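Think of it as A, B, C, D and E in the order they're written, each chain with its own count starting at 1.
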Amino acid sequence: MNDMRIADRTVSTDTAKMTARGVQVYYGENHALKDVDIDILGGTVTAFIGPSGCGKSTFLRCLNRMNDTVAVARVLGEIKLDGEDIYDKAVDPVTLRARVGMVFQKPNPFPKSIYDNVAYGPKIHGLTKSKAELDQVVETSLKKAALWNEVKDRLHAPGTGLSGGQQQRLCIARAIATSPEVLLMDEPCSALDPIATAQVEELIDELRSQFSVVIVTHSMQQAARVSQRTAFFHLGNLVEYGETGQIFTNPQDPRTESYITGRIG
Amino acid sequence: MNDMRIADRTVSTDTAKMTARGVQVYYGENHALKDVDIDILGGTVTAFIGPSGCGKSTFLRCLNRMNDTVAVARVLGEIKLDGEDIYDKAVDPVTLRARVGMVFQKPNPFPKSIYDNVAYGPKIHGLTKSKAELDQVVETSLKKAALWNEVKDRLHAPGTGLSGGQQQRLCIARAIATSPEVLLMDEPCSALDPIATAQVEELIDELRSQFSVVIVTHSMQQAARVSQRTAFFHLGNLVEYGETGQIFTNPQDPRTESYITGRIG
Amino acid sequence: MTDATSQTGLPGAQPRKSLHAADARTRRRNASEARFRFFGAAAIAISILALIVLLTSVLGNGLSAFRQTFITMPVALDAKVLDKSGTGDIEVMKKVTTIGYAKVIEKALTAALAEKGIATDGLDAKQISGLLSQEAAASLRNQVLADPSMVGQTVDVKLLANGRVDGFFKGRVTMDSAKLDSNISPEQLELALKMREAGLMSVSFNSGFLFGGDASELRPEAAGLGVAILGSAYMMLIVLVLALPIGVAASIYLEEFAPKNKWTDLIEVNISNLAAVPSIVFGILGLAIFINFMGLPQSAPIVGGLVLTLMTLPTIIIATRAALKAVPPSIRDAALGIGASKMQAITHHVLPLAMPGILTGTIIGLAQALGETAPLLLIGMVAFVREFPGAPPEGFFDPASALPVQVYNFTQRADPAFVERASGAIIVLLVFLLLMNAVAILLRRRFERRW
Amino acid sequence: RDNIQIAGSSTVLPYATIVAEAFGENFDFPTPVVEGGGSGAGRKKLCEGVGENTIDIANSSSRIKQSDIDLCKTNGVEEIMEVRIGYDGIVFASDIGGPDFAFTPADWYNALAAEVVKDGQLVPNTAKTWADVNANFPAQDILAFIPGTKHGTREVFDVKVLEAGCKASGAEEALVAAKGEEDGKKACLALRTDGLSVDIDGDYTETLARIAANKNAIGVFGLSFYQNNTDKLKVATMDGVVPSTESIASGEYPVSRPLFFYVKKAHLGVIPGLKEYIEFFVSDDMAGPEGPLAAYGLVSDPELAKTQEAVAAETPMGALN
Amino acid sequence: MSIGLITLIVLGLAVLGFILGRQRALSAVKGDPRTLHSLPGYYGWSVFLFTAVPALLLLVTWAFVQPIALNSHVSAMVPEADVASYGSTQLVMADVRRIADGLDAVARKAGLDEVGLEAMRADLTDMRGRLAEVGVALGSNVVPSVLDAAKEYRSLSGELRLAMSIAVLLAAVAGLLFALWRINPKQRARNLVEQFTLVLLAGCSLIAVATTFGIVFSLVIESVHFFKLYDFRDFFFSMTWNPQFRGGSDLGLWPLVWGTLYVSFIALLVSVPVGLMAAIYLSEYAGKKVRAFAKPAIEILAGIPTIVYGLFALITVGPFLRDWFAQPLGLGSSSSSVMTAGLVMGIMLIPFVSSLSDDIINAVPQSMRDGSFGLGATQSETVKQVILPAALPGIVGAILLAASRAIGETMIVVMGAGAAAKLDLNPFEAMTTVTVKIVSQLTGDTEFASPETLVAFALGLTLFCFTLALNVVALVIVRKYREQYE
């Protein structure tokens, strides 16, 4: 694996931003996730890898309670954000999701203008007091998403008119406009071409200075490129979790090893 | 790439089963495939790799004229099967497709029984004379697809009730029941879990003794595992084509190299 | 891979032939393909042929209703007859009934004929005045009462000709049929011909058909659709205002919020059942609930509107649910992922995207309601209504008719002149339906933001 | 409510609309709303109670029934006025191009009944053509369009044609002998079911359209309908009498019935114009022999003057006799 | 104050509450909306709802309860003897209410004051005449006790109305103040408003259920009357339908059901193949242009009023079938027949089958087609062996919908099939259907309280059960296949 470009491994020393303990997920009868314990660190990109159907997306969606919208899903165990249980009765999932944003596999901009796409979050959460402030937020978010230069002249053009990579960056801008603390990304590049992928990866690396980023990916190369920590899932189990460099160069578990050497998956 | 398991490289010495010269494909204005020349050898597994949108599927679908069903698609150039131009006016695509079979990315069994799924091709092409003969074909095909043991007791259960991997093998059985000469497979494992993937890969390796197999895959490991020859596409161009071992260990083109080392894609 | 080791060739495998030589089987298959295709085209052809036959028969019968024969002549409004007190007092003038006016017109017609030098041999005064519609006197009376200063002058007035005369010019009545007809004689028709040559009689556009009220069987030539059009419009307004919001609200609940359990299943069966319940049953419902139980007035658009609302609701709900279902879940996910509540995701994103589908469904439902006859028969909408209903909302409680009912009504009348009017009413109805469909298409285009 | 509301018989409906139209033109009151819906439904609505949301007048092609009066009583409608407006003649007509017929009720009975007397024997009816029924008739296939059982006209047809014909042809005697008094009389009304006698639930327009489609059929019409379509229909005589307003008024033509409307007395003097409307209806200008109703086909009542008096005096109807 | 006015005032207060609530929420956080739980507007809405909803609910309840309470109080005032002359308390109360209304009108018209009204005496003034002058119809002369009751009714209802206005307005103000007082930045205003909206939405979806109840209720009541007059065994098991004008009818259901089924069957025989083939052609073969033209053209067929089809059946199709088929084949000479109605109804139903099937066929995933083409199937083979089976549940649903249309259709049958109720196999015979008889029995000249008329309701009920069964079957079929294939 020596020819893989491994991102520099300066792991932030922050304490855990989110902690999961004994998380189990059932879809009806299907036990999709089995007893997952994990700490997501602040200021870090964490990658979830593993073969198809192993429960990566499922776990990711537990982190901002998107699984609440699936009628058959049942989540057990404890997940804390800054020490507060997010599955507590008193927690409003809507507020939670403003703090733990999400970007999806397929770019899904709203069929509205670019501006409205980004401004939507701040608007519904009442984050700004004036139009000028909102403009400011939109601009900053687009800049952070490395999209500002490409779209600043057509903020009122439809967001769906952008190319795939731009759309995905727009979705990222939309997610960071509500200034979340954690950003979850479910295979954000799988629908993109190589150039767009490279741009988004670069972006993820920059975002890490402000947010914790959790990214699900099918491509080990991508995990190696962008993440500092990697978790390997297999058949609903968290098999191994550790620093990316270590996972890719020196996996402890035989399953991890066969996966990253291409024997399975 | 030394830790990749490379399938044994015994390349059949057959002459080319199919030859393509100067193939260009347009989707409306979009020039999707640019001047592709390739020889598909008999008794060989040929893998098409390349980043998303580079035209792998497009070219594959040219080989049995499935692109005829896309209204906007226009195919130029020449493709020959056993020396006969398949785009000739006199050629009935229906006959062609019986000889060049296809398996798709998502398993798409018909909403019929397992038996009817497999018997469909032989029936419409009138390949069998009696029910007994048809039974025989179904059995042989299912055996070849390594599915017989799993389904022989429920041949009249719906094919859609099988698991994903079984469904995909059912689709393969369905395709080989018409005894085609070439079998085209478009990412046949991308919707399958690792175990099912392994089974299908093994199957592909065995099929090669009777058919030419062309497989599109996103996973370089898979290409390495199952194919004898590999073609690398990039932005509509056929960048490099050669023996799999050589492509993976000693690529001639810098684009190929960056792709298989994970720098792009 | 033990299975695959049995490497026997497939029994069906046949020696390969050239791609170019189509064998008999291929030819047969291609022939069957062609046949199938032909059946499909034939099915389309049959449907369109049926449409053409129906439309031509309606248009052929009904277009003539939009033209009407009029008699234009000077009428001397004799003050002695029409204003006995001589003071121009309206109340006194109202005492003169249409019978009095009929006499004035009769005199004027004789005079006009004499002036043009048209011989009227063999026809008595009653037969001559029989060329005029009975409506003529009423319309003249209304004109005079509207402008009493006309009395004493001679004014040019345009009066309706009798339905049979009108039918003669439209080809419905012939000299032969007139011989047998107890309501008109060939001599009268001869006279009508002469009057037309002399410019006393002419056929022109009949605005009364679109804007006038209904008329009794004695004067088919005066019957119009005004009240029916207005009644239908009121009902559609009620249906739109009630069925659209209720239907959309119900669909949102059922599609997005309702837990999937036995109860929602029940509601679902119930709604699809309502969509299929014969419309006549809704008439019975309307009669029992709205008229007998709630005491709403008979023949009023409000009752018709409510019945049609209940009838349209399932259609709208089904269409709306389909439209909501068609909105990609990724849009919902996107909104939820940013922290929008479910309600916000739906109102901000899903509903606008589903709008074209909802509107199309609504308009289809409305169109169905517009053409519906059977339930209205049971709630008293098949009435003879000559007065226009008032402006809404009070007008909703005034008696009115409705277009399909008016068609039904016309088809029941004895005088053959009503046949063309029934077809004419159908044309108006079809025009409305087409307009609504066009609006549906336009709206769909408008809202369909394939960004 | 400022308009008069009327509902009921579709036979009376055209007359009522003619009057309503003229009333609206010549009076300051709005044109009354006249609804069809059938005599039964009209009477039921009349008897639903007193008040603004009930109708004022029910048109009826048959006399009110005791059950209706009882319903009225329970709903507080104590007094109703019965107004007979004239007579409706029922005629038998065929396509204008066909032969002339001179019927008797017995001919109709022998043509349409389920069982007829042949050579003194009661036998199922097998007559195919009119010539089988009566040697004087042409050999035209029997096909009769008669009013459906929902129509009041059917009652008249049953009584004045079938029952009379049953008696005249001697079938009644035979039937009573075979089935007993009550069932025998009922059997007089049983029609053949082989499709030669067709019930029409729709209107006379439907009958006319059916005759246009079956040129050799004979249909039952109202006199007024026939008078408006003399160019398409040829009328048959009954017992040798040609139907006309005169022959019906004089009682010569046998198949006719009185038409009525019923007024809710409590509404008189309350609903504006109601009194005027009913007086206008029965006035000589309207219902008289020279009036428009007669022109349209209503056989005016020879005792119209009596009706006018009763209306003027607002005499309520007495007990049914 | 009238109810409308009170409603308006309450709504006005609610709007005021909205503005105040919004402001209060903002001022609670010194104008910084970020620290609020919900957007300020939601706080406004919460106050709006607290103001309007309880007050309006109170209003509605009061409006329902007041007349009941008032009636029982006032009716006690009328002595038994007078009640007896009316027949029932209900009628007395109807008169009391009419007189009370009339007194208002009299007062308005004559400019009488309360004292003047009190002084009116039934035995001294011609009350009936005076009331008639103001447009209030009374069945008979006014009894003194009833007049007194009416006066009491009038004054009491006035007082109650005033009390109601005060109570409702108090409720509104209280709600407004309470909601305002409740506002604090932590309050989950959005959740509250959304919860309320949800209840509203759920309420709307219940209207459909209520409609069904209404239908069943209105049908059952009169059906019960019918079965009191007519033995249900005769209705359900008799094979003859022969209503008589003067009673003694046979009202057996089966000839009508048979006619209904026969006509519907023929209609489906026409519409299903044609509609289905049209749908297949449109979705699988036709080019964009043909589709753009043919699809709406076929759909126009659905918009043509059924009466037009009826006339078409009567005038054109009927004679044609008789002259070219029925007579040459010796199957009778009736121009109106099951065949006529069925054919024409079939044409009407084509768009129902074709539109729905078209949608359903288009919904079959492209991967199915690809799979079949990839095996070398021709287009027709693909359609027949893959697409149709896959679309089958949906198509069955479409066909069943068309079937319920056919069963419920009235006009075409009236004109095309005639009115003869009989059990016959010959499709060239005239027959009739349930719906036709519902209309004709309900609008006939027979008296209303007779079984001949009331049978319409029993028929309606039967028809309703029939379509219900059909729908349940459709649902079961669709569910079953869906489970298998998805």
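In this section, contacts are C-beta pairs under 8 Å (C-beta built on N, C-alpha and C of every residue); 3 or more make two chains touch, one makes a residue touch a chain.
None of these values were measured; they are calculated from a predicted model.
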Chains touching both chain C and chain E, listed by label: A, B, D
Chain-contact steps, minimal, separating chain D from chain C: 1
Any chain that touches chain D and chain B: C, E
Chain at the geometric heart of the assembly (C-alpha centres): E
Centroid spacing, where centroids are CA-atom means, of chain A and chain B in whole angstrom: 34
Averaged-CA centre spacing for the pair chain E and chain B, given as whole angstrom: 58
Rounded Å distance, chain A centre to chain C centre (Cα mean): 58
In chain A, residues with contacts to at least two other chains: 94-95, 124-125
Junction residues of chain C - those touching two or more other chains: 29-30, 341-342, 377, 411
Shared-contact residues (touching 2 or more other chains) in chain E: 190-191, 311, 378, 381, 442-443
All pairs of touching chains, each written as two labels joined by a dash: A-B, A-C, A-E, B-C, B-E, C-D, C-E, D-E
Complex contact set, residues of chain C against chain A: 259-260, 328, 330-342, 344, 348-349, 353, 449-451
In the complex with chain C, residue positions of chain D that touch it: 1, 3, 5, 7, 10, 13-14, 16-18, 20-22, 24-26, 28, 30-31, 33-37, 45, 48, 53, 55, 96, 202-205, 222, 224-225, 227-232, 285, 292, 295-296
Chain E residues touching chain B - in the complex, by the definition given at the top: 365, 367-378, 381, 385-386, 389-390, 484-486
Contacting residues of chain B [partner chain C, same complex]: 81-82, 84, 86, 88, 90-92, 94-96, 99, 122, 124-128, 133-134, 136-137, 140-149, 176-179, 181, 202-203, 206, 209
Chain C contact footprint on chain E (complex, rising order): 190-191, 194, 197-198, 200-202, 204-209, 211-212, 214-215, 217-219, 221-222, 273-278, 280-282, 284-286, 290, 294, 296-301, 303-309, 311-312, 316, 347, 350-351, 354, 378-381, 383-384, 400-401, 404-405, 407-411, 435, 438-439, 442-443, 456-457, 460, 463-464, 467-468, 470-472, 474-475
